[in-house]
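Lettered A, B, C and D in written order, each chain numbered from 1.
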Amino acid sequence: MIKYLLPGALVAVPVVLALLGPLLASEDTTKDVAFLLGGGHLFGTDFLGRDVANEVLLGGRSLVITALTATACTYLLAVPMGLVAGMTRSRLLDEVLMRPLDVLLALPSMLMLLLLAALAPGNMWVLVGVVVLINLPDVVRISRAAALSLSTRPAVEAMRLQGEHRARIAVSYVARAMRRTLAADLGTRLTGAIYLAASASFLGVGVAPGASDWAAMVDRNRSGLFLQPWAVVVPAVLVVVLSVGVNLLFDRWLRNRDVNFLEAR
Amino acid sequence: MIGYVARRLLLGVLQVLLVAVGVFALTEALPGDAAVTIAGDYPDPAVIAGLREQLGLDRPVWERFADWLVAASQGDLGTSLVGPRSVVEVIGAAIGPSSLLAGLALALLVPLSTGLGMLAAHREGGRVDRAITSTTLGLYAAPEFAMAILLVTVFAVQLGWFPPTAIGGSLIADPALLVLPVLVLLLRPICSLSRLVRAGVIDAQRSPHVQHVRRLGLSPARIRFCHVLPNAAVPAVQQLARTADWLLGGVIVVEAIFVVPGLGTALLDAVSARDLPVVQGLALVFACTTVLVNLGADIAARVLSPASEVGR
Amino acid sequence: MTAVVAHDVTITAGDRTLLSAASFTLQAGQITALVGESGSGKTTLARVLLGETSGGIAVSGSVRIEGSTVDSSFGPGTVGYIPQQPSAALNPVRRVGSVLAEIARLHVPKAQVRERVLEALRQAQMPDGQRYLRRFPHQLSGGQQQRVVLAQALIGRPGVLIADEPTTGQDPVIRAQLATELRAVAEQGIAILLLTHDLDLVREIADRVLVIEEGRLAESDVDSPIRPEPVEPQERQAADPVLRVRGLRAGHRDGDTLHDVDLEVAPGERVAVLGRSGSGKTTLARCIAGLHRFRSGEILLDGQSLSPVLRRRSREQLARVQYVFQDARASFSEFTPVLHQVARTAERLRGLDRTEARARAADELAALGLPESSAMRRASGLSGGELQRAALVRAMLAGPDVLICDEITSGLDARRRDDLLGNLAELQSNTGCALLMITHDLPAVAALSHRVLVFDEGRVVEHGRAGEVLDSPNHPATRALVQASSPKTAGQEI
Amino acid sequence: SPSGAPAVGAPQRGGRLRAAFAGGGSAEVLDPHDCDLYVEIARAKALFDKLADYGNDMSPQPRLAERWEPAADLLTWRITLRQAAFHDGRPVRAADVLHSYARITEPGSSRRAKSSLSVIDLPGSRAVDDRTIEFRLKRPYAEFPNALATLGAYIIPEGTTDFARPVGSGPFKLKSFEPGRAFLGERNPDYFDGAPLLDELEIVVTNDEAARVNALLGKQVEYANDLTLTSARTYEAGGQIRVLRLPRSNFHGLAMKVDRPPFDRPELREAMFHLIDREELVRSVLQGSGQVGNDVYGQGYRYYAEMPQRKQDLNRARDLVRKAGAEGMTIDFDTSDASTGLKEAALAISDQARQIGLNLNVRLGNKDTYWSDIAKNSVLASYRSGGMPLDSHFSQRLLTTSTTNNTAWRRPEFDALYNTAQSTLDERGRAEIYARMQRQLFEEGGFVWWGVSDWIVGSAPNVGGIDDASPANTLNWARFDKVWLA
């Protein structure tokens, strides 16, 4: 358990802050000079003259929820697709699944964001959809490639001879054999999703322009970095801590499983 | 294999076509058009209407698309709506700097991320592993612009080692201009790639055939590069393909901060000017690269899992 | 000269002591055979000599090889090792030839690399080795893979060679040649530790024999081989064949491996498929099982055509045709207990519920000498022979009408083999299932099968009643096999 | 002549000054009649001249025109040109002026200066001699010189159609030009206003403000246009670069559409006047470095009418909201990143509105098309304007005929006042009428101009002669012929 202490703490701090922060935040909207250092504010003020500490308390929930939802949705969609494409013996099915995704890949994602911003601004689900859409092809390709080399193993053939359903082969063997790859990708993708969500909000999708949001704070307070670093540094550090923590947690967990596994055999 | 490549290329043409349709539709769906942007701030609606007529933007969408398609299929990508230059000229001017940056970044990215990933895997769970993981992830999670500003402030403004922007210089004539942009470009992909390499290597290192060549006395380096890596590389190659794509087109932040007149900047300019022919032309470039790069990645995936030919 | 000194080696696996306080030496230039039941700890001991253990295995005592103590940091390359599962030892993405060349480059200057590689392949009984250099491991037959691994070990001319079942999966001709070759290798002053079930082989070439019996290591003579009691195959009434293969043509990318194969198997009939390594036996089996898409021809089950594609076969058809893999270890997933994997057949193809299925599987495994406690481990915790039995049970649980066994006795000691064959015969006569046995074990064939089919270069060159074919072979290929497998003539050039 | 910023020794000749501006990418052209972006104006200024240009209080100053004399009816204006020559040596003649104006106003053109210059009845105008033009106007226009100074009204040699290598009369001659990247001009020794001190002027383009600052810090340029307030505050004290604040350059406001609900209720407009805490906006949005506005455009400009300063009065605002029946109402509030401060102001104002139970729903629009988008649809929008004479502000934005009447302010009596003013020769009389118009806007107009801020320019410490008293858009802004490198 002690091995989980550090990564666990790294994850817990931002998550707890994100979930409980809004309860502790004040609702006062009076504004001070923008990008003020000090002046009665623990972390100074932001681009609008709001109290950074207060914004930090407010800004985690939406971000953590959107990023987690979007990443989860991406994986729920992409891994099955990748597995099907990688494991199928039908070339047609493979192409039918993969080529449209390539088209999606080839569309400049900025254009896609712009469009969605124009069509459905200010909706969190649109934002989740955008993040999913942008990440989907990548994850599908990665899982397909991994599944491709696993799906010809005799172990898979044996399961097929047992009349195992393809889904079960995929879940109980292929997906397990590539879990480390998926975990590695998932960790970085979560981080990517956080910033994608922020840059989308920059374009007007998702987070409302005034809403407090760590990633958006990082983006909107960037011009004041040298006047008042806290407005960027505090939320950025929280994001960094969250993503490093998540990844270390995955690493630790996989390693522990392996150790247990080695000991058990 | 040749048949496979030929079929994929044929499909690729179809994909590019679809992208063209998609991009056309997307740009159409954006608010405003070239007439609005030419008319400038505080525009006069009558002026806009006049411009629209002048530019032929008042014709139905499908008609304009058909025209574009016919011309494009004959190799004529048209001219910019808002400026005097032809689309080919615009692309030609922008593609050089982008490819230079992307090429250089890739050339550094592959060895660096492989090296880091392998090192971390080698020391799995140890201090080095955790240090590499935390650093690369920290860099990944830190906003790109902040890194750029930091690097520029330290290395260009304070120390004066490198020029802070590429303003007024030529990337080829003055390689020092490339240092900081390439560095910033590397920060993010290094992390995602090295994490994938690490994962693959850990799995591969445990496989019996790697154990076996170890017994045979092959040098650790050779084992790592010739036996572990090919098995570990499959997902990383996919990610690398995406990165290559991204480097060529999506590096807008870096191009903006360092004033590199590349494809990303050109696309941004064209989109904000609603310059449809240029957007279309650039989209074609991106689509073609994507199709080719993905094809490359898929070929690599097949080469790296030779047994999978059986089923297909 | 003493090459290896093992002192007081004790090995425990879980709560079971595999070996207690064993001390022995291996002499240069001698072949020492290590025999013992399947699961007695031979492979584990061999890996201890290499300084390797896996989790769950505890080792004490000391081993010195050529003067230096073996531990986990022991320098590689001194000891040549041929693991029991060759397929796992070959990197699936590397061509056979380039890996061989890599190894050769460690030992000889660049100019001689090719020569050395070919020499090693020749020693490993692949005289036409060049043909295989550009292949990937999955493009080789089981026997070929094994010989490639042997060649890898021989390239470096190691001082000590540990060969774990080097002859399983090899046809009698090659087996005989290998025996000669191993002898010759030993003659060069190399200490060879031979782990095998093949007592004939032991008798032929071993200088000393070590036996593991109930956790003790003892020097021993080779007792006379246990020949299976000939099961008098009853005359079979002419029944409609349950399986009929007509004009089967199949191959891999670069050409046909099977040419125009015809085959009929009646219900309850036992047919043995013999043939040189690489002659296409596994390919045939995989075609019938639906794992390899054939190019033309027809496979009929009770007169109904079977699709070449597994996916298009109904669940009933799946259950009726079962295949036991040549490479048992690779055919198990490394993530779940073997018992659970085995039981899935009963669940999926027989409609049993989970507990029933597991109970059935455990019973059947126990009948073949694999207790539930072992079967609950993952594949990496079982010995090669144990996995072979598990694989057999996995197929049998389907209650097939046609069972194809690809060298299922190769990893078993004589007693286990007889048990297994006996069990198989019993099961088979109970259920009336037809048996297609691919094997190199001619005595077993003679004992068990009604009919024999001999393959050569992808064609059926001879078939007929087992006794007749084996007693008076017509085709030169058959003759070679028969001659090579009779101990008296072993080692002679044919 | 421009009053120098903190002196950098005496003026001195020579050197190349590199200036960084935001730009428009590869679509940029050198056609001075098509200029719209700041960088295009800067280049046009270097290569060309107008007859007049704006002084620091937005009053017209003669340039190529030596003087202008209206007839009593204000319908005929006689303009005398000064002695000036184009880069190829040809003199600047009346015919060139007529040609230029004809080109700007030709049918179908969308040139920037067209609407201002279309007051001229060109067929009725004539060249009296090479240096005298007699303009005939379509209606009396007392502030006609404003039209001569209007953005884009540059004089090109007669017959010019190609602008690949344009010839002008400006202080610099073109050496090279790469759209979206760089422009290089060299000293025009025969410039009528005295040869520039610089040998060469290079204008480079980058849209990223951080890049402009970095280039300045890294000594890649000596002048950077359009910096943010934040950068100004960041680097002001450091001494690495000099920060120049050009006053009265940006007017920040709100635009309410007075012709449709909910802002067709004057009470609600008035409520907005009293709701807004201008001090807070200046403190937060303008980062404390601007002045509070008083809801009328043009503070500090000629004809601006002082009125008692409004202050936030929430009680009054609440009352008025109640009177307007708009309590608890949700109103869409458009803003975008089209210009700095728009978004910030909208966010702050919507926070202020919440205090009186008004829910202003901030919508972030597309920044490329924001100005045309809000013209049509928005009822309440964040607004910004650069400097222009009050006359232009009225005629472009507040008359029934105005093309960009973003508050839909269409009042016949207001139009009539404007016309009277333009027929009034006497300046004092005109000022009085203008004051009445402004009072009307102050009381019930659709604009709320809550603040004025500076235009910020950065320069290397060794650059002298930059005029930091002139607002953006005036003659001395982005003007490099009096600038020197120490």
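Points to keep in mind about this one:
Please note the rule applied: a contact is a pair of C-beta atoms (placed from the backbone, for glycine too) under 8 Å apart; a residue touches a chain by one contact, two chains touch by 3 or more.
No experiment lies behind these values; they were computed from the predicted model shown.
Overall, the chain located most centrally, as judged by its C-alpha mean against the mean of all protein C-alpha atoms, is B. The chain pair A-B and the chain pair A-D differ in C-beta contact count, and the higher one is A-B.
Averaged C-alpha coordinates give centres for chain A and chain B that are 20 Å from one another.
Annotation: 45 Å between the Cα-based centres of chain A and chain D.
Centroid to centroid, with C-alpha atoms defining each point, chain B and chain D lie 40 Å apart.
Mean C-alpha position of chain B lies 50 Å from that of chain C.
The set of chain C residues touching two or more other chains comprises 92, 138. Contact of a single residue of chain B with at least two other chains is seen at positions 30-31, 145, 149, 271, 304-305, 307, 310. Residues of chain D in contact with two or more other chains: 210, 365-366.
Across the whole structure, chains are in contact as follows: A-B, A-C, A-D, B-C, B-D. Every residue of chain A that touches chain B in the complex is listed here, in rising order: 89, 91, 94-95, 99, 102-103, 105-112, 114-115, 118-119, 138, 141-146, 148-149, 151-152, 177-178, 180-181, 183-185, 187-189, 191-192, 194-195, 218-219, 222, 225-226, 232, 236, 239-240, 242-244, 247-248, 251-252, 255. Residues of chain B touching chain A in their complex: 11, 14-16, 18-19, 22-23, 26-27, 29-31, 124-125, 129-130, 133-134, 137-138, 140-143, 145-146, 149, 153, 191-192, 195-196, 198-200, 202-203, 234-235, 237-239, 241-242, 245, 249-250, 252, 267-268, 271, 279, 282-283, 286-287, 290-291, 294, 297, 301-302, 304-305, 307-308, 310-312.
Contacts from chain B toward chain C in the complex involve residues 207-219, 222, 226-227, 230-231, 303-307, 309-310. Residue ranges on chain A touching chain C, taken from their complex, read 89, 149, 152-155, 157-164, 172-173, 176-177, 261-265. Residue ranges of chain D in contact with chain B, taken from their complex: 18, 20, 24-29, 36, 108, 110, 112, 114-115, 179-182, 202, 204, 206-208, 210-211, 214-215, 217-218, 220-221, 240, 338, 365-369, 371-373, 375-376, 396-397, 403-404, 406.
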